[in-house]
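Letters A, B, C, D, E and F mark the chains as written, and numbering starts fresh at 1 in each.
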Amino acid sequence: MRPSGRAIDQMRPVSLELDVARHAEGSCLVRFGDTHVLCTATVEERVPPFLRNTGKGWVTAEYGMLPRSTNTRTPREAARGKQSGRTLEIQRLIGRSLRAVTETDAMGERQVIVDCDVLQADGGTRTASITGAYVALHRALQKLVAAGELPRLPLREPVAAVSCGLIQGTPVLDLDYAEDSTAEADANFVLAASGGIVEIQVTAEQTPIGVEQFEAMRALARAGIAELVALQRQVLGLA
Amino acid sequence: MRPSGRAIDQMRPVSLELDVARHAEGSCLVRFGDTHVLCTATVEERVPPFLRNTGKGWVTAEYGMLPRSTNTRTPREAARGKQSGRTLEIQRLIGRSLRAVTETDAMGERQVIVDCDVLQADGGTRTASITGAYVALHRALQKLVAAGELPRLPLREPVAAVSCGLIQGTPVLDLDYAEDSTAEADANFVLAASGGIVEIQVTAEQTPIGVEQFEAMRALARAGIAELVALQRQVLGLA
Amino acid sequence: MRPSGRAIDQMRPVSLELDVARHAEGSCLVRFGDTHVLCTATVEERVPPFLRNTGKGWVTAEYGMLPRSTNTRTPREAARGKQSGRTLEIQRLIGRSLRAVTETDAMGERQVIVDCDVLQADGGTRTASITGAYVALHRALQKLVAAGELPRLPLREPVAAVSCGLIQGTPVLDLDYAEDSTAEADANFVLAASGGIVEIQVTAEQTPIGVEQFEAMRALARAGIAELVALQRQVLGLA
Amino acid sequence: MRPSGRAIDQMRPVSLELDVARHAEGSCLVRFGDTHVLCTATVEERVPPFLRNTGKGWVTAEYGMLPRSTNTRTPREAARGKQSGRTLEIQRLIGRSLRAVTETDAMGERQVIVDCDVLQADGGTRTASITGAYVALHRALQKLVAAGELPRLPLREPVAAVSCGLIQGTPVLDLDYAEDSTAEADANFVLAASGGIVEIQVTAEQTPIGVEQFEAMRALARAGIAELVALQRQVLGLA
Amino acid sequence: MRPSGRAIDQMRPVSLELDVARHAEGSCLVRFGDTHVLCTATVEERVPPFLRNTGKGWVTAEYGMLPRSTNTRTPREAARGKQSGRTLEIQRLIGRSLRAVTETDAMGERQVIVDCDVLQADGGTRTASITGAYVALHRALQKLVAAGELPRLPLREPVAAVSCGLIQGTPVLDLDYAEDSTAEADANFVLAASGGIVEIQVTAEQTPIGVEQFEAMRALARAGIAELVALQRQVLGLA
Amino acid sequence: MRPSGRAIDQMRPVSLELDVARHAEGSCLVRFGDTHVLCTATVEERVPPFLRNTGKGWVTAEYGMLPRSTNTRTPREAARGKQSGRTLEIQRLIGRSLRAVTETDAMGERQVIVDCDVLQADGGTRTASITGAYVALHRALQKLVAAGELPRLPLREPVAAVSCGLIQGTPVLDLDYAEDSTAEADANFVLAASGGIVEIQVTAEQTPIGVEQFEAMRALARAGIAELVALQRQVLGLA
């Protein structure tokens, strides 16, 4: 039924490759099928102005797509001179998602910036980014603990994300680009490992979405995210 | 219990004032308590490039805040030289919400731009904007019908929006600024008159949100939006 | 004779509505006929770099038009990424006009920013802005006096402004948009209550202006501004 | 009495050097004492969008200062990424002044752009620019007439400009930078050869200006501009 | 002697990985030691304005660095709103280098854009980019030949690049970041397979470079580039 | 043989006019035939952030072209809102060239900015700029020595630059615009007075350049630069 031939509750093959970037304090190359995102975490010993001298830390994110990560080439944002609304929206989402599971008060007065750069896009770049960004953040903070700069890991629990959509009225999990282009609705779920809601963004592409459809998508997402969290834990050695 | 003293399911006084702008094809001054947004709809006889020569129409939105609509002055975006990520995110949301109830194929090859300018802000500017923008859009399209340029109104049903939040764990409806600043979660619901979901955006400000809390907020929103739609219908003479 | 049907020395109905903005330290909604400008004054306890540690204050202004304040929609400057030359020119004019009647040395080291946002435009937006901006500034400074932060009002006298033009060679007062579009000359007079010249900007739209025509416009402006100052004094309770 | 030692009605030595730029269709290096402006006129066989297919022409101007034309270095506008409000205001003034003496309907559908670049600044750069820009424009149009592309010169009469100011209450003509810095008022007069008013811009720097002072400045300007026009006519061979 | 421990004429391990990007018409991941650059070639069926309707083609390049490709994080150019001078300089160099070996007249009226994005930087990113960009361009043009859209490959010969430098006066080949930071001179050589000079850029970092030192660097570069061209030919199956 | 009729090793008439700018600490109007560049040196008592509190100085350069310095008008970079890649590349080259002969450690913690503004362009603007910029820098530093602010001139030796090119395969010296447009290769040499290499930038415009051709251009450049340095020494009174 799905363009991809997958079962409605079947995610694409997911992998999380740790420590792929030589310079970054933490890094993860996340793959959701043909969607590949390089997530790097940078620790900076300074915070945004509104936090100076508070002793509190901050986590933020930036997002970008390589010009030819996409099917047809997307003009380079640096050359256009500004980031698109979509880019800003996604990087704000990633940042909020990470902060929801971080004890920023227990990080010391430092900032972690997680860069999520899409090397190849096939749908679901924002959910893959969140899933990989958590791993990169975790690695960077682990390094601070190992170096004795933090007494313990200031993270409450993992966070991961997955998309759902409606195809011909049927809720399906983890849309690729071809599916996303034809879906009647687009939903992104960001859940904590414990199941708590971090972010939900549901958008009716054409006509309003029924409540049962929404509930079905939510159930698919819960199951998918459980898989993602299990994989995060495994690669991070937390299982 | 609430900082505002309102009951948890009590909205602020809402008003929709029609045809307040002399030049615009449709307009509405919407007030959610002390949040006041001027919504003006402009009809243009041209469409974005991707729709040229398709015979289809388009609806889009722009959003802005007057510098001193806020508690402390917000620097003017035109002077800073760019719109913030928040602004872009909100105007994309308004545009999508309007398109979800518009038969853009039946508008002719023309575009309606709805400008939502916040004259005074006290929380909930995006939900007030959507609620008022629908009214402005409706008026502008009515004018096209009256002028014989459209055979019928290309709108499926009204759309309206309201925010909910968690205050000390309790779900409450339609947060003002003081409440929003202390809320543990922020949820915006955009529903069609028939109850269908147009957009849901839920954000955990601090820690993940429980599922029951989310359900309670959704129920509050449904009731609030029913009130808003009733008011929209009344001022538009649709009741 | 005039497109508006008014006598050559007849201004449009003018109103000044005080304290219309909940957050601003001072505010005034000024109406010159169908031209409506919201003027808000913000007091900031810091000054531009060139005044730091001098003990002196500053008054400045910003100007903007809502996109659909105009007959056909004007693209939003924040979206275009820059303010037009016309906008910059007008806001510089407003700022200079206010400073000419303010004892900036007696304000303390603080700045007042007056935002003039055109809600609806029908000609004469810059003169209405100056007239309303003075009122907003006066209110904001009164509040500082009332709070004991200033020993007395650091204002020398009111300032107001009006436009004149030549229509078929005849000087007329306070042009609306239709008149302005056909006028052969455009003159803006900014005068202090005592009659002193604060700014004069005269522009020949097509051919040079005769000296007698200029003198006649100046006389019309003097009379018009006397009316405006009387109204300012009345609403401010200075009469 | 004046810082410069000049009589109150004495201009600085003025020179107009023709045809100084190898590539431009018309050019003039204008000197008002130590203020030196290079004015070049470019003829382009196209017009701004609002004039396309009307058969009418256009004249416009751009203005810039070399970074070290000024006493202390002024940051390069190209490096800052935008033109200042002052720059935009001046180039709009130059353009309007030129158009007021040009029969743009008789130019054919072409545009003349006059670039006024300040090589060295010592006050009065805008008035020197207008005076030199007219000469460059005249030369460029003469060339079109000589080439048979225009039947006659589409210029009504010369235009020139000079500044006046108040120093210790006394009106003086043609302020240099040192004088301008201490002047209580700043007035720029742009007059046609016949004496008609093209632009007047009067600004009270500190306190409002008396009417007699304004009249005295106007008289000084008339005399100064008569000298400038005589010089323009002489170098253009029109005497 | 070298910080890297390599012999003075020893390059880092180099690899060229073909067809790594799913969407691009041609792609190559090039590694010069720890410097990794993803090169993707996009074929577009349109050309820049100056070539329209000439039947000729164009090759251009863009360059970027991921924020954390570097030792300490480099702010994202898209967020800063402009590309740095260094970035522009490098992408212009890559484009010129590719055009020097391409018969743009024989490409048809189409453009190839080669994006060079640095995933990890350790010195020599511009030379690695040129070396990989040629391979990506070659692949993209091969695809056009295979599809029958071009009769033959419009490439004259391969082009590759390598850096040299002076360390304590000694010429060395292919500097990594640590070496580059201490080098007294920085030279980039772009040579065609046949040995012809495509670009030479030599920069004395501190004091002028002696002629013999320059000659020695040139000899090192010739040998290094011969190795690179052999590798290009091997992976492209041209040997 | 050359379009200009000059011998292959013949430079255009060169002149260096000292102290042409009233305000700058050092200045030089350099002419290479019809290419005229105004170079002004500004001394600022502060340095870029990376040098603060190091006691070291800095030399940097900025470059610009007047819009009608060129054959057809070039749009003003300040109006376009950014400097082109070519501009950035040239100003970086000028800055590096000057620093290669300056003992920045012996300048005190101050910065010299050399502005090179092209008044008229006929090819070779970057080489004329470097040649004139050295003179302006020298003058500015001489003034600091004369004022007792520096014990001695922190300059090692003069630096100058000239271009070469290939016309129909023949190497020629100092190309004007007409020659540059048809040249098969473009080479810019920046040499110190002692003959040391400061910068070499060679670019094959069409096909790779032979090694002998490169050597021949290098020899032409050496001779040309010797003439330029002799002239620099003469005007600076160093001979």
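One rule holds for everything that comes next: contacts are C-beta pairs under 8 Å (C-beta built on N, C-alpha and C of every residue); 3 or more make two chains touch, one makes a residue touch a chain.
Note that the structure is a prediction, hence the values are computed from the model and not measured.
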{"item": "Most distant chain from chain C, judged by the mean position of its C-alpha atoms", "value": "E"}
{"item": "Option reproducing the contacts of C-D, where over half of them reappear, out of B-C, A-E or E-F", "value": "E-F"}
{"item": "Chain A and chain B, separation of their C-alpha mean positions in angstrom", "value": "28"}
{"item": "Distance between the centres, which are taken as Cα means, of chain E and chain B, whole angstrom", "value": "50"}
{"item": "Geometric centre distance via CA averages, chain F-chain D, whole Å", "value": "33"}
{"item": "Residues of chain A whose C-beta touches two or more other chains", "value": "81-82"}
{"item": "Topology of the chain contact graph, where touching chains are joined (line, ring, star, complete, other)", "value": "ring"}
{"item": "Successive chains around the closed ring, taking chain E as origin and chain F next", "value": "E, F, D, C, B, A"}
{"item": "Chain F-facing residues of chain D, complex", "value": "21-24, 27, 34, 38, 40, 42, 44, 62, 64, 66-73, 76-83, 87, 113, 115, 117, 119-122"}
{"item": "In the complex with chain F, residue positions of chain E that touch it", "value": "82, 85-86, 88-89, 91-92, 96, 100-101, 156, 191-192, 194-211, 214"}
